[in-house]
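Each remark here refers to the structure printed beneath this line.
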Amino acid sequence: MTEERWRQLTYWPLLISSIVFILVYSWQVIADLQGTLYLIARVFILLTWLSFAADYLVRLMLADTRGRWFREHIFDLLVVALPVLKPLRLLKALTLIHSLRRTAGTALRSSIAIYGAGAAAILIWIAALAELDAERGAPGANIETFGDAVWWAFVTITTVGYGDYFPVTAWGRIVAVLLMCGGVALVGVVTATLASWVLERAAIGRDTDEPATRGQLRDVSHKIDDISARLPPPPAPKESADAR
Amino acid sequence: MTEERWRQLTYWPLLISSIVFILVYSWQVIADLQGTLYLIARVFILLTWLSFAADYLVRLMLADTRGRWFREHIFDLLVVALPVLKPLRLLKALTLIHSLRRTAGTALRSSIAIYGAGAAAILIWIAALAELDAERGAPGANIETFGDAVWWAFVTITTVGYGDYFPVTAWGRIVAVLLMCGGVALVGVVTATLASWVLERAAIGRDTDEPATRGQLRDVSHKIDDISARLPPPPAPKESADAR
Amino acid sequence: MTEERWRQLTYWPLLISSIVFILVYSWQVIADLQGTLYLIARVFILLTWLSFAADYLVRLMLADTRGRWFREHIFDLLVVALPVLKPLRLLKALTLIHSLRRTAGTALRSSIAIYGAGAAAILIWIAALAELDAERGAPGANIETFGDAVWWAFVTITTVGYGDYFPVTAWGRIVAVLLMCGGVALVGVVTATLASWVLERAAIGRDTDEPATRGQLRDVSHKIDDISARLPPPPAPKESADAR
Amino acid sequence: MTEERWRQLTYWPLLISSIVFILVYSWQVIADLQGTLYLIARVFILLTWLSFAADYLVRLMLADTRGRWFREHIFDLLVVALPVLKPLRLLKALTLIHSLRRTAGTALRSSIAIYGAGAAAILIWIAALAELDAERGAPGANIETFGDAVWWAFVTITTVGYGDYFPVTAWGRIVAVLLMCGGVALVGVVTATLASWVLERAAIGRDTDEPATRGQLRDVSHKIDDISARLPPPPAPKESADAR
């Protein structure tokens, strides 16, 4: 079996595994599960983790040159190592759908807007869960409810950073750093999309000064071919080759 | 009656309704109205809300395919649901005016600067009002005067976020999140407009290296047509077609 | 006398007036002048203000259509009204020098970097002075030394906003809002300049796929003219005109 | 010996000197060295400083026109003056490697991503060390451990700025300002790279409307040369020259 075939087979199971992870993790953290229910939730989370780890190992086995595959899939290893990053699989799925729609201008920008908003929403939700999980009960911590954690995630991803809530534990700070990087990328995506729009709009209404298009040049090329066909054949093949 | 006709008829009434909403809401919040005056203000605000809700329903009725219209006008539903978003109608009006001016380079950038500044001003004003309305009197709240609320809105929309003032209520935080998103978009618009300017300037003064224009290529095409007209007619039509 | 001539005559006096304003205002605020020295400093500042106000009035008188001139020079009125904005005259001077150097790519980006850094430095210096002037001695204020004010200005213009220092007076907040807007513009200019560089670099090394240049198309056009000259003259002038 | 030759000879020694500086400085600050070990560390740091100062002086001597070289290498003087900036030599080295890879689109963006991430990592590490060195033990300081310093550096470079940690000493604030400038540049680089990607994607799938390429125009040019070779020679050389 090839790696490509394996990826097609595991596409839906891994997507469902990501969704199960989000749902069970949300339930565990928001309800602050204790005792048996906590254990059940952790078992489910462990199973989703095992599904990702197994997928990683199988794909490593199936790869033609394992050393190269390993170097090219560092990010996949990170996802296996850090369970918090697992729902980024959902984003990856979105990216796959996205790549099917290589369309121009407005359509691309709509796609970016939709997927960007989706990515931001998943990132904020997961970061809030992970932050609350890490901080709740820690000495000196101020993020104690899920509402506060979501509010903190919004304040962080937009780089506003009031400082009314902030992480104090090592894990909480790692989550925060990942979220801040997401925030910088988010601002970048918004700006880049708007810049693309402004540049396209700035080009409207000055057709004569616009770059000549490939279509236009092909028309010209056809006209020249037409003239060429109506002329007498070249006097000597060698001369013509020299002229080139 | 078509939806287009309805939109033309309701353009000015809805614009005036938006302005009435801003004025009455500002008066209610800044003056901290109580008793009868508060009731009068709320009735006016309710009337502006009803005008927007009625407009939404009538347009839904007039639509050719209601399911599609509903999907394409989610934002309009949001405006009806969240009264705070209502003055964004003013921005929409500005956008309509804007679309009439599809002009190149500098003119586009001036338009973006003017409408961007207008949108930011409306957003800051409304957010400050809504924030003060939500926070005033809440336990632990620190935004207690309109001056502080406006200052907070500026600190938030520019993503500075000192943390001297911040919302503590759920509604106040929702308003803050909308304002932060506005701030990210604002930074994006400023950057995109500047980028468009820098890219245009960078192209000045190296005419030979610039992309060939459509005007230039059209001139070349005319010259070739001219040559074509001076040549003998094609020897055989089929051959010419093959050459193409 | 035309407005153009007046502007040439007053270019250096107004530039010197701006520099005197910065020096005297810096001396007054940093040394926290009292008594006679304070009065002397204020008289100098008043004189620089009068020079700007007089310049504004004379130019309004000299304008061909005063109503139009007034609408087009709202910013100049702002500078006269808000003494704090006066040193922006220096930036304006820089902009004038800048417009002489309409050069491509790297040169433009160097200019933007130099003028951007200059503008940021002037903005930070003046904002720190104005902030200290407004806040010092106010009840509850925490910006009490010039060092703290400069630090606060850096934290604000980069939109970091720790919140260790923040303005509490109305004037101090107006200065802060202007500085924040400067910060958003600064981030925008940095990004736009970098974007221009990245886009130019991304185009290097794929010459064949690059847009055809005007120089290239001019060469092609000359070749066609050459062919045209070697062909027999058009059979009938009218036919040729039709072909076009 | 030319300056070019000197730079080739000193490339590796200075790179190693930068790495020694980072390692020894990290060891001194993180372990909070005292007594003899502190002296040993400082001697090593002094030696790396001397290697940079000597390199600067030798290159100044070797320069053809020293005044011009001095003006063009202000940044190198800064690096000698501020030891904290020394590891930026590493970035310079990365930039040298980078310039060898003038490749298009995706490859350029990968390079920028890798070098940008490398630069950000070095900047955060060095800033955290310098900050801790400056702040530890200062009255009123709140950055007391290396973990807190790294966290502070992340919060600062992303311009989030919670305000839970902030510098209070003059040196600490200078380090912070440099880091903030790095943060603004970082956001700019991320955005610019994303903008380049969006603009390239927006162009896919509308080939006919794309700017005509140089390759296309060269093909057309060759066809015209071909026709030219098959036509009778120009009737008179002078006429042909005029036609051009």
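A few comments on the model shown:
In this document, chain identifiers A, B, C and D correspond to the written order of the chains, with residue numbering beginning at 1 in each.
Keep this in mind: a contact is a pair of C-beta atoms (placed from the backbone, for glycine too) under 8 Å apart; a residue touches a chain by one contact, two chains touch by 3 or more.
The model shown is predicted, which means the values in this text are computed figures rather than measured ones.
Relative orientation of chain A and chain B, expressed as the C-alpha superposition rotation angle, is 90° to the nearest 5. Listed candidates were B-C, B-D or A-C; the one reproducing the C-D interface, defined as more than half of contact pairs identical by residue number, is B-C.
Residue numbering at the chain B/chain D interface overlaps substantially, since over half of the positions present are found in both copies. Chain geometry summary: the mean Cα position of chain A and that of chain D are 27 Å apart.
Centroid to centroid, with C-alpha atoms defining each point, chain A and chain C lie 38 Å apart.
Multi-chain contact residues of chain D (touching two or more other chains) are listed as 159-163, 187, 191, 193, 195, 199, 211-213, 216-217, 220, 224-225, 227-228, 231. Residues of chain B that touch chain A in their complex: 102-105, 108-109, 112, 156, 159-163, 166, 170, 173, 176-177, 180-181, 183-185, 187-189, 191-193, 195-196, 199-200, 211-218, 220-221, 224-225, 227-228, 231-235, 239-240, 242-244. Those residues of chain A that touch chain B in the complex are listed here as 147, 151, 154-155, 158-164, 186-187, 190-191, 193-195, 197-199, 201-213, 216-217, 219-220, 222-231. Considering their complex, residues 159-163, 191, 195, 211-212, 217 of chain A touch chain C.
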